[in-house]
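Okay, so chain A shows up in both of these, paired with chain B first and chain C after.
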Partner chain A sequence: MTEVRFSHVRKSFGSVIALAGLDLDIKSGDFVSLLGPSGSGKTTTLNLLAGLHAADSGDILIGDKRVNDLSPDRRNIAMVFQNYALYPHMTVFENIAFPLRARGRGFAEAEIQKKVKGVAESLGVASLLARYPKELSGGQQQRIALGRAMVREPGVFLLDEPLSNLDARLRIRMRRDIKALHDRIRSTIVYVTHDQAEALTMSTKIAVFDQGELQQYGSPNEIYHRPLNMFVANFVGEREINFIAGQLQAVEGIPTFIAPGLSLPVNAEERWCSLEPRDAVLGIRTEAIFARPTAGSETVGLVEQVELVGPELVAYVKIGESQLSCRAELSSELRSGDRVHLTFDPAHFHFFDPQTTASLAGSTK
Partner chain B sequence: MRIFPSLRGKGADDGGEAFAMRLVAPALLIEFLFVFLPLTLGVYYSVHTVRYFQVGAFIGLDNYVGVLTSPAVRNSFVVTAIFALGSLILTFTVGLALALHLERDGRMQVFMRAVVLVPYIISMLVGSLLLRWVLSQDSGVPQAVLGPFGSSGFSIFANSTSAMGALTYNAMWRDAAFAMILLLAGLKSIPLELYAAARVDGASAWYRFRRLTLPLLKTPILITIVRLLMHFINSLTFQLILTGGGPANTTETIALRTFRLGFEDYALGRANALSFVMFIFNVILISVLIHLFKPGEKLR
Partner chain C sequence: MSYKRAILARGLGTFVLNCVIVFFALAPLLWGFSSSIKPTDQILKVPPEIIPSEVTFAHYRTLIENDVFRYMGNSAIVSAATVLLCLGIGTFAGYALSRFAFRGRNFVMVVVVTVMSIPIAALLVPTYTLIANIGLLDTRTGLVLLYTAYELPIVIWIMLGYFNTIPRQLEHAAMIDGYSRFETLRRVILPLTGPAMIASGLFVLTSAWNDFVVAVVMTSGQAVRTLPVAVYFYLGFFGREWGPLLAASMVSMAPIILIFILFQKYFVSGVTGGSVKG
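Moving on to the complex of A and B:
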């Protein structure tokens, strides 16, 4: 099987640094998502791996071979492009057969027939072989593009935002299909996306990019629950994370996070808790704050907006100087203007250094 | 707001219709004066004897029979075919090569696109005069190249093959840029991703050209070919200025023959008959062109 390694790979376009020294190790059979906002260098990374761009410096290895100087067709890869890049003047059959015929490695016609049909069947598009791409729906085109990549049985699949042109429902179904495909063929997959939900649901590992730099590389679980900096914490997750600027200090021997209107005890196992009082930014996701209507005088906030999110509510609550998004039960029937009590789950606190934006947990562990 | 109320069916508003007519009237007038009128006059002349602008008796199709059986006209058909096809092949090949070479948007490419456009934007007359001078026996390239070897007698325009060569070269020199523009527009409309995909799929440059570029460029290629062909068949300036039809009428095309029939022999009846034959032929070429532009006939 095939592993991939980037070491100190740099790439710039004129004065734009697209990739600033990337180090990335992808194990054989991994499904790695390159996640980041647009312009963060994901496509550049993929194109470098494919050989469509040449790296300015550094080494790119596929298997244990340095491939910097190999042309794309000799890298044992196949690629699916964002707009599918199906050949518009060829039928579905000819599209899928293209990689077999183009190499001129003399596949017999019968063998091509067999391979193309096999791939088409496994993707459920066997009935479309005689059609032209423009006669297909977006989802079908997507499958053909996958088929064209699969037919060569490459060591590494490269996919550049393959689902971004599909509608929301279809995207969710294709996620499962692609994951099932990966489970079946067990090839290494490098998958570019700007959609954190795609990355979390499909990958075995996620590499988060911002401005040409790798921010964090880890399992979906690590990325979600142990973000290394404020960017990752904020980028991953359905909605923006709540950031609260304040101070960490011991109150009556208990490490506590203090911010205007808030005083939150912190789990004491974390080592940084024993440190001197210091400025910190608390990052906490919507699902770790629970809002409940109150009459009493507990920690109290004012509801400013309420959204219905499927089975529950999300309330935007003003407390001290910050507005926090929190969960609330549907039955609580919160409205804007209501006063609410907030419960914080300390297991989901993430503390960051306000200057470096790095995680305090990460920096001392 | 309701400029074309009559288009909506009933309740036609006369003021609106008159306004619409006033809008298109100038265009119609120009069309009438410069297309319809000369064409009608031409057809009228072509079925009469005309001597020195004096219209004589109606003679039916005699002028047509006359020109179509004349050896000089027959010669001009052959010459036109050779010139048009030769120029087409040369111009198209060079135009396609230029388009492929200058497709990328590098600084050099953009600059070179402008450079190769120069022969196309200067007047045809000036361009042909220029080439005539460059190729002339005394002061031109032949003397500069062959002179040092002691040969001074060679004249490009005195030999029928080299004269035709010079003529095709003149056509290519001017119109390759035109072909390049049409083909470049076609090339630009092919998504770059297709080429990236083909490279990853293992297609060589030649394979990509043959299996992607050519088929995806089919419509622009056909349009270019028809446009060039029409242009070369009808062109007069090249022949008139560069070779004057010589030597011994070996480069006298139909257009030049028509010109001479009309303005040197003053046989306007016959000249118009010949030009009407050309007109029919052009109409056929134009209908091919329109067919190529028709939606639904487009390639996938």
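Moving on to the complex of A and C:
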């Protein structure tokens, strides 16, 4: 039972503000991803939690205990580093056993043997125990690093971009392995990544960071379907979201989004929809716009580029001043230069305030 | 075909060149060694014999009769103590400079570099006065302290550079695994610094073992005389007797050569240790 709490935690390096007042509550057993672009303060957050950096102000709590003044070895945490940080002069066995041999842990040699073997077996690296780290592939090193963190059964696991040095296939497999690991051991996990797909597939909660500030904290579903601002909407998702600047206004009593070449009725159930005209930015993901060569809607655009994406196509369509990415069926055989009709799924409209970039949906909550 | 021949020719050329270099480097040594085991009347014979027809250890016996073991012992004690002291202090200093941002760090680094670039000759007079004042003239301790003072900056610098190539994450990992900063240093970082320690250790050892200038200024008695100084005095004592003189040269060179051969592998990897991540 180990929850983690940051309250008003600030950290700067010289004039660079790495973390500007972080408040974050992590429940026991949660798998929380810290997601954000490079330099957004994710690693800093993790290092503060690990005790590798000292916070300038604010409190960090691990299970009810304020740990600001505890050294890393007294925080009951384990960490997996981006470059694995395996000890090069020790065998795999010794690497995994290292945390057990620390002063004050007092494990008997037989117990160490048993624990290390158990962990190695559960990670499928039992045959590698006698090797040195440099004799292992990247994926194997990764597993050893995980094993070294697991062997102590810590309250909190910290992982700093643990998959970013692996090739794409292996990364996807390791995602599932780590998730399975979490399902099995049920420890609290704090996982740093800049890869939104990793965050979405593995986490129970995602904390999105930008420029040292927490942008949104919620379940993957919330983060994906109800982004609180334009940054989150754009950062999460396989490809960039389409932003269209325009106006919300009532047309014949129906709230409608108007932009050059576009006039889209909005789901009137949305509570925030007033009939007052106002400037707004529509954010809509690729998968919520469908392009067809045949007539089907009044919205017509010109295909500029087509990509084959697995089972379907993604077409980049020029409409008014904007270029929108949309889905299209493989059989439609779109070419650049084709005229297409676009249908929009109003259930996936996200409206933002062009000044504050905050979501209009969030503002009335 | 002609391509292969070109490669062959180049290989041959390199080989010949290497042979020439080896000859120039080793010929004096070999000649010196062979002369040191020739009877006196054979040494100056023309043409000289590279492989002596008659072998004698008389010259070495002469050296032993003239206390060579004591001088070797002095040199060994002084050199070993200097190496230990330099590595002991230099390792910790290099680690601190590499890992901690403390006030005055830049100043310390500048001092280290500056001291490295002052020629020993310029320091002789002031250090002589200093050593005389604290009563360490004519002692091995005095020599050890001076050598350490002269060589420490380079050791600090080599160690600092090497620590900088060791990722910090290793220490962080060990600290999170439950080890204190000192334990981390002992169990994780120091075992990785072997090559740098050997490289700087060999460097210090050679300078301390070979030093003549400092030793001849700071010592006068026979009790603490080191080997290079002894060789110099043999020169006056034996005059033009090449046999004992060459034997003395051999005796003073052999230990260093032996140690270099023993540690050669590590020495090379230590020198390149900064550039290649291991």
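Here is the rule we use: the second predicted complex is superposed on the first by the 359 of 365 C-alpha atoms of A that agree within 3 Å, B and C clash if a C-alpha of one lies under 4 Å from a C-alpha of the other, contacts with A are read in each partner's own complex, and residues count from 1 in each chain.
Throughout what follows, a contact is a pair of C-beta atoms (placed from the backbone, for glycine too) under 8 Å apart; a residue touches a chain by one contact, two chains touch by 3 or more.
Just so we're clear, the structure is a prediction, and the values are computed from it rather than from any experiment.
Student: Sticking to the clash and touch definitions up top, decide whether chain B and chain C on chain A clash or fit.
Tutor: clash
Student: Where does A:Ser331 make contact in the superposed view: on chain B (first), on chain C (second), on both, or on neither?
Tutor: neither
Student: Considering only touches as defined above, state whether A:Gln355 meets chain B (first), chain C (second), both or neither.
Tutor: Neither partner.
Student: State whether A:Ser38 touches chain B only (first), chain C only (second), both chains, or neither.
Tutor: A:Ser38: touches no partner chain.
Student: Does chain B (first) or chain C (second) touch A:His89, or do both, or does neither?
Tutor: Touch partners of A:His89: chain B and chain C.
Student: Using the touch definition from the top, say if A:Tyr132 reaches chain B (first), chain C (second), both or neither.
Tutor: first
Student: Touch check for A:Ser15: first (chain B), second (chain C), both, or neither?
Tutor: Neither partner.
Student: State which residues of chain A lie in both footprints, the one left by chain B and the one left by chain C.
Tutor: 50-52, 71-73, 77-79, 81-83, 85, 87-89, 98-99, 102-104, 134, 148, 152
Student: Chain A touches which residues of chain C in the complex?
Tutor: Checking each residue of chain C against chain A gives 167, 169-170, 172-180, 183, 188, 191-192, 278.
Student: Residue numbers of chain B touching chain A in their complex, please.
Tutor: 191, 193-194, 196-204, 207, 211-212, 215-216, 299-300
Student: Tell me, which parts of chain A touch chain C in their complex?
Tutor: Result: residues 50-52, 71-73, 75, 77-79, 81-83, 85, 87-89, 98-99, 102-105, 134, 148, 152 of chain A touch chain C.
Student: Which residues of chain A touch chain B once you look at their complex with the stated criterion?
Tutor: Within the complex, chain A contacts chain B at residues 47, 50-52, 71-73, 77-79, 81-83, 85, 87-89, 98-99, 102-104, 132, 134, 148, 152.
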